Amino acid sequence: MKRRIGILTSGGDCPGLNAAIRGVARAAYEMFDTEIIGIHDGYRGLIQGDYQVMDRSQFSGILTLGGTILGTSRQPFRNMKVIGNDNVDKVAAMKANYKAMKLDCLVILGGNGTHKTANLLSQEGLNVIGLPKTIDNDLYGTDFTFGFHTAVDIATDVIDRIHTTACSHGRCMVIEIMGNKAGWLTLYSGIAGGADVILIPEIPYEIERVAKVVEARANAGKSFSILAVAEGAMDKEEAKMKKKEREAKRAASPQSISQRIAAQLQDIAGVEARAVIPGHIQRGGSPSAYDRVLSTQFGVHAAELIRDGIFGVSVALVGNTVTHNPLSEIAGVPKLVPTDHQMVQIARNIGISFGAK
Amino acid sequence: MKRRIGILTSGGDCPGLNAAIRGVARAAYEMFDTEIIGIHDGYRGLIQGDYQVMDRSQFSGILTLGGTILGTSRQPFRNMKVIGNDNVDKVAAMKANYKAMKLDCLVILGGNGTHKTANLLSQEGLNVIGLPKTIDNDLYGTDFTFGFHTAVDIATDVIDRIHTTACSHGRCMVIEIMGNKAGWLTLYSGIAGGADVILIPEIPYEIERVAKVVEARANAGKSFSILAVAEGAMDKEEAKMKKKEREAKRAASPQSISQRIAAQLQDIAGVEARAVIPGHIQRGGSPSAYDRVLSTQFGVHAAELIRDGIFGVSVALVGNTVTHNPLSEIAGVPKLVPTDHQMVQIARNIGISFGAK
Amino acid sequence: MKRRIGILTSGGDCPGLNAAIRGVARAAYEMFDTEIIGIHDGYRGLIQGDYQVMDRSQFSGILTLGGTILGTSRQPFRNMKVIGNDNVDKVAAMKANYKAMKLDCLVILGGNGTHKTANLLSQEGLNVIGLPKTIDNDLYGTDFTFGFHTAVDIATDVIDRIHTTACSHGRCMVIEIMGNKAGWLTLYSGIAGGADVILIPEIPYEIERVAKVVEARANAGKSFSILAVAEGAMDKEEAKMKKKEREAKRAASPQSISQRIAAQLQDIAGVEARAVIPGHIQRGGSPSAYDRVLSTQFGVHAAELIRDGIFGVSVALVGNTVTHNPLSEIAGVPKLVPTDHQMVQIARNIGISFGAK
Amino acid sequence: MKRRIGILTSGGDCPGLNAAIRGVARAAYEMFDTEIIGIHDGYRGLIQGDYQVMDRSQFSGILTLGGTILGTSRQPFRNMKVIGNDNVDKVAAMKANYKAMKLDCLVILGGNGTHKTANLLSQEGLNVIGLPKTIDNDLYGTDFTFGFHTAVDIATDVIDRIHTTACSHGRCMVIEIMGNKAGWLTLYSGIAGGADVILIPEIPYEIERVAKVVEARANAGKSFSILAVAEGAMDKEEAKMKKKEREAKRAASPQSISQRIAAQLQDIAGVEARAVIPGHIQRGGSPSAYDRVLSTQFGVHAAELIRDGIFGVSVALVGNTVTHNPLSEIAGVPKLVPTDHQMVQIARNIGISFGAK
């Protein structure tokens, strides 16, 4: 009996998506009689019935390819957060298309939002397996998501390049790293790039403390400083605000967080400071060796789960073992950096400041 | 007789500065009795007499190092553009320090502004040799400046990474490449990165033409487009303005050029568009193999000129030969992209649009 | 009271050594009153009393630097494997110099051989902390050694480049990856590089099975194949030999393992086959972001152990936690790839052959 | 009237082949009514009539792809060097297939051997345009071939990585760079990688001079040396031999040139020396930005020549202008490094030894 597997990728694109898709497909073809249905542009394709029957050759040569051969989307699923009356139709449409495509199961690659919907579909009776994808590494239940380590490589390379300018010009460089809620990417790339200050959403900062670090370095003869700042970093005042209030304040400002901090440091510490916002390059391009291995492991494990008839789970890395968690336990639960995390302590112990006690 | 060579690096930092410094030093040590004086932070060090006597080991291991071991500055020299009464003192100070350091000559690494001052010092009787450094490639008299090809590599890598996001999300991505006056960096990296549209200062664009390219691609089933846009790109209206007026308009806007174009394309073409501003990463990090070779050639040729007593010149690459031009003929003459340049024609012939006829 | 910490790096060089040294030093300076003694060229420097008192600035800017600023050596320690009468003097010399340098403890960075000696010195009463360094990842007690993931990146990049030649020429390419005893590097880079066959020392292969894979691919229209082969891979006949016998056989052959396999495949499968031996490039250059973080964590944890007076241990990564194991339990115990390791199973499940059942 | 353009790639694969193919195709589609015929595996496909009619989408996304989408071969054409009775049939077959495919012209991408055949076909009356491809840069009439600068980047990266091992272990590392006849790749990457000694076929070396450089460095406290050695480098005795004699001698030795030199240096200078043979990785992978631009320029110029009805030529870069030369003047003429080339002199002036006066 041929098993029909639907695959979709949803949310922001991320290195390793194609490697994971290839892992599912190659392992499925290897292990059992398989037909793969590629659903276009994430949940949009499932809602609208936009898909293609794939053939084996389409999974060849994609291990190293950035992005996703299936396309992705953010919109439909953003409107789906709360399952109200409006959304019933979308869920119904997805269920109907799952049936129309004669799927035996659905492999869904995505982040927190994607997993919420995956869990919903699972609760609605579909056979769903989630794969944890995001450069933010903020999915509960897995030590690492795929895409994260590639993003760390890119952000570190950015910091390396900025280092030479900082040093040659005696400047303070404020580098804005992706991560609205979770500081993992900033924490790792900040340590790897030799940052002097790391600011993450989980540890609200005081600008005066940051300025003191910069001044202390200048007094010690080091005319430059490197700050790795998460997009979502916030100072103590902002941390006290309600989320909506804070977001409104941010949206109203023409300055991003790195630009604001650079301006403040020029004012307070009297240094020349510049913001750098590498932006989307942090999520693009070929996956690193690490992420190719992890994505492949995740994809293969998904196929193993299909073989074994295990659904309603999300694949995970725990320690060095690839395993899986119930969707119902992990879907939508964010994994933030604990303020007493060992990495934070290690960073403090080599003198990196978090702008806070 | 020991020759005393002063070296300074001025203007924005740039890959290859250390390789060029090493080239001068190693060739000088190899060819004649030499003492090298490293002047700190560009013209600031010459004005203020801030320098160090270098020893041979300081030039070891710096071939691959980004930035400049001598430091650089932009400020003093910015105020020196016009040689009025105010500046006489600075020039006098530089001449006095040149004398006080007992220099036989001065090797100056920098871009257009730096070369203007170098020419001035040469006319004041100092023995000056210029080395053409800039990621903008906008110095007259040399086919390429060092730093340019490394910046092309970096900008191309940025476009490559953005490509996967553009393609996966079906988005229009507007990438802002360094270059206020000259479009060389955007032209080369745009072609290397497979951009669909290239906008450079030398060819004023019409946003409607750009929008049509994006729409035509969408109609042909290509849901994404890549735009490589120079910082200094301008539309036809801006091109008619006086420079000051245009700069004032730009300074007043919270949007950079790429952000403005992305917003316009969303409006006109109804596509999802995003701006990416890689910024300073384009000028940092280790020089590419090409730039290490070119910087070394330039540095060695400077030492050969010192050996031969030839001053008042700037080193240049013409075809594949390293040679030199009189400072008086090239200093401060910008090298822009001719609108009928072969590269522009070649770009047009593969269907790249410049947003203009 | 100032603590005097001796540091030495021993065995083959490896990315991350300088990052780990910096981690020890910066954390020690940050946490307590410290003097760091850099011992030259591994155990040679300890035996011969060749060292320098370091100052803080020497640990600046080395995070990204490949190799080791302290130098390393293989020889003295190779003769020290068995502690017979001949070696007593060397151990005595090391103890005497430890005393003469007035060390409070010794941080030793190295692989299996290095750790054996470290354990010996610990048993002789010195305060020793080991840091697990090797691109082979074959140290017992730690999930990963630093240097390993950088080597995986390099080996994967090699496979990527070879892929295009293999594909364009319809050739079988046999890539020889470092690893005499352990196949970790070949396993990871083989999966990351999309190899069709992975041969590792732990799983003896049959050349006929390998040839069949190549033929089956050719029959399926894929004219090329990629083999990732560990230096220490062996066929079933060799696996039956005693180690000395096998090594003698290898030493007598002008062919390396990859060259032998390429020749055999030409004979058996009638394909065009080529060997590629990237060699030392797998252990050189700047550490990856992953290894910079891991090396820093390891170095900082060593300083924490010194602070807490815990010696006779080796630092380790277990899951995602940095911790430590008694030297006596882990020293010299090789960590090979279990033949039923999850990664091996995953590789098999996407159709990668190990040339064995 | 639709023009039918045949394209084939012949000889060793090389970065930029696909970029050049894309350049031809996109410019042809843009400029005139076009049909492209892709001929498989170089001249083999032309001899055997193995080809496909391409569609436009096949040229999309290949700018950055290493290798060649058309495949390549070395064999048939090697037997075609001299046009004797045996070969008449092959040439006749190529002419017949050209006619059978109804080609208006043939664009041939390859090196010296490929161009000889291209010239032959041109003299037989076919409309032929050559594109100069080779990592060796040894084609007469063009300043640079595409593929060369990417190979320089890779070889330089290899030297960089080896540098750290050389330095950490105090070793002499002998790196064997591709180039049997011409030393361009070794010369450029040797300078870019900071080699101490560069040995190229054009300048026969004396091993004693090489040994003296290594010893002099050791005496000056530099315990390591880096040698960049072309595959085809030869000592003075070998240089006196006839080519066949020399090749026979080489073929009879189990040692490659780098292994031989490493062994000799161990003997003569008493240093620890190691050979590194990166091999095929120098010709694989994605083309650099430089080569993407050059390949595109070459491809577009070929299409411009087709538009203008100019055949019997090979495209070339002269200075910074893309132009073309008559095939009859350049085909099969090797471009070696002149012993008095400016780059050689510049290398000597920074103290690099060529092992010769």
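Note that the chains are named A, B, C and D in the order they appear, and that numbering of residues resets to 1 at the start of each chain.
The definition used in the following text is that a contact is a pair of C-beta atoms (placed from the backbone, for glycine too) under 8 Å apart; a residue touches a chain by one contact, two chains touch by 3 or more.
These numbers were taken from a predicted model, which means no experiment stands behind them.
Each step here moves to a touching chain, and the least such steps from chain B to chain D number 1. Ranking all chains by how far their C-alpha centres lie from the centre of chain C, first place goes to B. Averaging Cα coordinates per chain places chain A and chain C 31 Å apart. Distance between chain C and chain D, defined via averaged C-alpha coordinates, is recorded as 35 Å. Averaged Cα coordinates give chain B a centre that lies 42 Å from the centre of chain C. Looking at chain C, one finds that residues 157, 160 touch two or more other chains. Inter-chain contacts occur between A-B, A-C, B-D, C-D.
For chain A in complex with chain C, the touching residues are 22-23, 26-27, 29-31, 63-64, 143, 149, 152-153, 155-157, 160, 188-189, 191-194, 288-290, 292-293, 296-297, 300-301, 303-304, 318-322, 342-343, 346, 349-351.
The touching residues of chain A, counted against chain B in their complex, run 9, 12-13, 15, 17, 41, 65-68, 71-74, 154, 157-158, 160-165, 167-170, 173, 254, 274, 276-281, 283-285.
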